[in-house]
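Look for subunit A in each of the two complexes below; its partner is subunit B in the first and subunit C in the second.
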Partner chain A sequence: MENAKLKIIKKKDVLKFLDSLKKEYDIFVPIEKNGDIRFSKFNSEKDIPWNYRNTKIPPKEIFFPQTETLFSFEAGTSTLSNGSMTFTPIDESKSSAPGNKNYLIFGIRPCDAQAFSLLDKLFGGDDFQDPYYLEKRKQAIIISLACNKPQITCFCTSLKGKPDNEEGADIILFDLGENILTKPITKKGEEFIENLDSWFKEAKKSDVDKKNELMDLSLKKICSGVNLQNIKEKLDEAFDISFWNEIHQKCLGCGICTYLCPTCYCFDITDEIDHVAGGLAPSRGKRIRCWDSCMFPLFTLHASGHNPRLTYKERMRQRIMHKFNYCPENFKEIFCVGCGRCIRNCPVNLDLREVLVSLMSLGSLCKDKKI
Partner chain B sequence: MIEKIKEVVKKLFKEDKIDIFIGYGEGTLPLRTTPCFITGPDNIEKLVWNSYCFNNLAVYLPRFFLPQLQKKDLKFPRIGILAKGCDGRSIVGLIKEHQIPRENLYIIGINCSGMIDIEKVQNAVYKMQEVEIVSAKEKSGKVLVENEDNKKVELKKEELLAEVCKNCQYTAPLIYDVLIGEEKRKTKEKERAAFIKEFEKKPLEERWKYFQEQVSKCIRCYACRQACPNCYCKECFADQTRPKWIGATENISDIMFFQIGRILHQAGRCVDCGACVRACPMGIDLRIFTYKLIEDVKEFFGYEAGISLEEAPPLATFKPDDKQEFITEP
Partner chain C sequence: MNNPYLPMPVTIKKITIENEARDIKTFDLVFNVKKDNEKFKYTCGQFAEISMLGIGEAPIGIASSPMDEDSVQFTVKKYNTGVVTSALHNLCPGDMIGIRGPYGNGFPMKDFEGKNLVIIGGGFALTTLRSLTRYILHKKNRDHFKDVTVLYGARSPGELIYKSELREWEERDDINVYLTVDRGDENWKGRVGLVPNVLSEVAPSSKNSVALICGPLIMVKFTMLPIIDLGFEPDKIFFSLEMRMKCGIGKCGRCNIGTKYVCKDGPVFTYQELQGLPNEY
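What follows is the complex of A and B.
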């Protein structure tokens, strides 16, 4: 995109700008809440925390919430001859208010925008189309915010990212202090800015210089990295090497590294049944899906009682394999964007970078190294 | 102290007294260490001891002694473990609940001078997320933190201690094979319980509101449960599907059910090590609830968890004059 497309908006105008879009869009912005920052519905009372590093809970929750109702149903009046009950889906379209608003995701970090492009491959790939995710995703415009100050856990540069990475976003913003520089990335983003032209003015050369300077500095701040070249091929050979015997040892098997990961997408589907007060017979219910985690033993527990991933070892191997081998196999992409959430929040400081470094430093994986 | 620890561990391996040693290694982030498993004398240099050794290592013990391993005729390993006061109390609890055999443990007790609360360091100097701490050094009661702009600040360790470490009564474990540092018992019971007494004074509605506020932050990652040495159940009630006790969502009633269940299962067992609070990514004040339970068990049954191997746990005993009012009159 040529520099001509670069525009400036005053930082102090941004709240008003977003406010003017409220009718048309469901706007999500980072908001300080309970001592954390989390993407929440825009509220013109609350300023954008421009200096925020990143949210604890990734913005994947906007399109792929922790709990999502797929449909509701109620008990039918008839009982089948074998004694089982019948249920009929409830048509929600009648009851729910006509929303049909577009989504505007404002100020997500570039790594999280990149994560959306990965999730798109899964939820909107050739094999499966996930209507629940896609319905929201398709109507969304993503405006990311380049990072002036990466954290010590950031390692996006090892995963095709960088503090001003454009993938997954429609527009990227640069915080220049008093001004915000906007750069459209997609056609959608370009049109969005064109339609709202009155808020913006042309960027000057000095603005562009400042942006470049900030980004150079920012890139230098990312001091950790892992060379992941050929990691997929390496892992092709690694399923039963002794490496896995040790790296999981300190893992507690909690849901933090997967729930907080912007690219982890596993979910579980259950029915929640409401009982009529006092009665045992189910009256109505919902089919819901919730985040699930490969780090939980229940994840692979079979109805027979058998569990193919019985211990921490198999579960940790799954987490690494899935991101760095199976996803490259299925989607031609590593499912990690280097946001560092799993590193920062792991209660035992099990550092993914360390795992990857030691994995990459293994020599050629010959047979005798196997368990 | 670390030299002493290494020396003992080296000796244990040399004399073939242990197969594995569990201690702390250097962390990858400032103000952190990481649990470290050592299987031979060569790796002993990895061990560290400082004010960030906050993980309760006892949590790792039950997984070495699972009954299904015994069935397979595998020999249980002999484990050496570094234990602060609270880890030691957890170990006592696990032995009493028959999860780990005492004879397979070699406990290196250590007299702990308290662990640092990372949040406190962060908040002492900077507002949340404003500045990143890139390194921290500890020296004689002081912590020197450096931020990303190379600014250094010196803080007093005393002021950074985790809540559970302030007024700790059992800084060294009550059972051990060798103790590093002297055993000093402190009686600060009153000071320690002060926050609960304060909280109890609040009206019921206010306490209930606080509980709801806190648990509504929960994302059900179960890190609190997984970090707790007491939560060794093969299948947690929260995970069971037949029957299914709780819904799977983050609906507040589901979360409350989980929290109440987890907390009540700690009655007479929680040693107030703070592992759950530290593990929780959402900063939920779990301790106010677990500590209330500790106080109640003390008051009603005169029992304190993890103190003696002999005294029978209150949940496993019945006395005709046991208090019961609390069951019928909340």
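What follows is the complex of A and C.
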């Protein structure tokens, strides 16, 4: 997009700006609480942590909450002969969406914005659409915030990312110190800024120069990387290699790498029922879905007792293969954005980058290297 | 937007106990809303999520034929570890539950036309094969298919399911039925022997034929040897696979074998397709 569309807003005006939008939007901003930053609803905050590194819990939770009601149901006057609920499902896909208000996601990191564009492919798709994710997603405007200070665990440049990656966002912001430079990416973003023109002024050349300088500097700060060229093709041959016997060894199977991954989407569906106080009969209930993890044995356990992914080895292999081989096959995209959350939060320091480096350094894999 | 997670209400019309151990039952379901009945157009080999509010959902193969108009049938084995199957087995006719689907690819029935079919089932896995056999035997369809051979085995005579229907099939002259049990009893006058061995004995021709195999994993594995010996090509051998599932629509991420999702790309795979997939099922 040409420089003419770049605008400036004063940093000290941003809170007022957001406040003015509160009527129209449900605004999500990074908010510090108990030492962690998390995307939460903007409620006349005093400050925006402009320098925040990244949230522990990825903002995927805005469209794909950790637990979400699919539908609820009430116990009618007659219950089934075994005491369970009669059939009165009440669809919650509409009520979980923001309703008349649109979502405004303000200040998410470019890697997390890119993750949305990946999740869109999964929850969209040409055969079945997931209304719970899509209803919220389509009503949202995503304003990302370019990274001035990447973390030591960041490796977005090994994937498709960079500190000012635009994919998945409608507008990207650059923190220039006293000013915020705004750059619309999509038509939606352009219109958003046009409609609120009074808050912005034209960017000067010096602003643009400063932005470019900051981004160059930031890019240089990302010093860890893996050359992932042809990783999909490499993994095509890698299912049976002895490599998988080693890398899972220290894994505890806690699943934090998948819970905190902005692109992990696997979920479970379960029912919850409420009882009238003191009574045994259920009064109402709901069907919920919640984040699940391929790192748990129960994930694939059949009722018969058979489990196709019985040990840590198969589960670790599934996680790596899913992101770097299966998704590239099914969605033409690697489902990793290099945010480094799985590395930062792993209790045993299992570093995805190291796993990928050793995978990529294996010579040409052939089927006869079976275990 | 259409919500694929919302089950359609159905009423249990009839429950049939299928085996001696009384842990396999067939449920005849009728849609409460007529429009749902029209939406639920299925082919042989597809499955649906059986839904019990407050309990959960379980993916079950459709046992009735698409030609059956009055109800949709599911044959369900109760596992003590299975929350939904256990709860389902406690229900009575008249109770209301939910289903959503149909899901999965099903058998490519059009491709089977003009061919001989060798149908091999073991235990209660006969369900979707029974759907297919009923479909073929329907008077509107029978002429489209050549010879039909059903080879079905169970652990004991009491564990053979769909007994009265099997008897009807045996009496017809347009289908060859071979029943076998691992162990007979005083009343059993039929074959005793494992499915793979009986298959070698019966030795159906592989010429212009397709083989369809459903059963316990161990039976399927050992049936592969004789079926290949008989000359069936890998793309003419069909399986229906099972996996733990939740969503049934390829989103929740658990039922994959490599890049393929059993709920969406399956549950029917050819041997040729399986050879190209990792051995993780």
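Note that the second predicted complex is superposed on the first by the 353 of 371 C-alpha atoms of A that agree within 3 Å, B and C clash if a C-alpha of one lies under 4 Å from a C-alpha of the other, contacts with A are read in each partner's own complex, and residues count from 1 in each chain.
The definition used in the following text is that contacts are C-beta pairs under 8 Å (C-beta built on N, C-alpha and C of every residue); 3 or more make two chains touch, one makes a residue touch a chain.
For clarity, every value in this text was computed on a predicted model and none was experimentally measured.
Novice: So if we stack both complexes on subunit A, do subunit B and subunit C clash, or do they fit?
Specialist: fit
Novice: Output check: A:254 vs subunit B and subunit C. Expected answer is one of first, second, both, neither. What do you get?
Specialist: The first partner, subunit B, only.
Novice: Just subunit B (first), just subunit C (second), both, or neither: which does A:268 touch?
Specialist: Both subunit B and subunit C are touched by A:268.
Novice: Taking CA centres after the superposition, what's the angle at subunit A between the directions to subunit B and subunit C, given in steps of 10 degrees?
Specialist: 90
Novice: So in the superposed three-chain picture, is A:213 touching just subunit B, just subunit C, both, or none of them (first/second/both/neither)?
Specialist: neither
Novice: Touching A:71 in the superposition: subunit B (first), subunit C (second), both, neither?
Specialist: second
Novice: Could you tell me if A:299 is touching subunit B, subunit C, both of them or neither one (first, second, both, neither)?
Specialist: Only subunit C; A:299 stays clear of subunit B.
Novice: Pick one for A:330: touches subunit B only (first), subunit C only (second), both, or neither.
Specialist: It touches subunit C, and subunit B stays clear.
Novice: Just subunit B (first), just subunit C (second), both, or neither: which does A:351 touch?
Specialist: A:351 contacts subunit B only, not subunit C.
Novice: For the overlay built on chain A, what is the smallest gap between any CA atom of subunit B and any CA atom of subunit C, in Å?
Specialist: 6
Novice: Determine where on subunit A the residues touched by subunit B overlap those touched by subunit C, and list them.
Specialist: 268, 270
Novice: Quick check on the complex: what are the subunit A residues that touch subunit B?
Specialist: 32, 34-37, 49, 51-53, 56-57, 66-67, 149, 151-153, 221, 246, 249-250, 252-256, 259-260, 268, 270, 272, 288, 290, 293, 296-298, 312, 343-345, 347-351, 353-354
Novice: Applying the document's contact rule, which stretches of subunit A touch subunit C when the two form their complex?
Specialist: These residues of subunit A touch subunit C: 70-71, 73, 80-82, 84-89, 91, 93, 122-123, 125, 127-132, 134-135, 239-240, 265-271, 273, 282, 285, 287, 289, 292, 294, 299-306, 308-309, 314, 321-322, 325-326, 329-330.
Novice: In their complex, what parts of subunit B are in touch with subunit A?
Specialist: Where subunit B meets subunit A, its residues are 27-30, 32-37, 55, 59-60, 63, 128-130, 132, 134, 148, 217, 219-223, 225-227, 235, 239, 241, 244, 247-251, 278-279, 281-283.
Novice: Which of the residues in subunit C end up touching subunit A in this complex?
Specialist: 1-7, 9, 32, 52-58, 79, 81-82, 85, 87, 90-92, 94-98, 217, 242-244, 246-247, 249-259, 264, 278, 280-281
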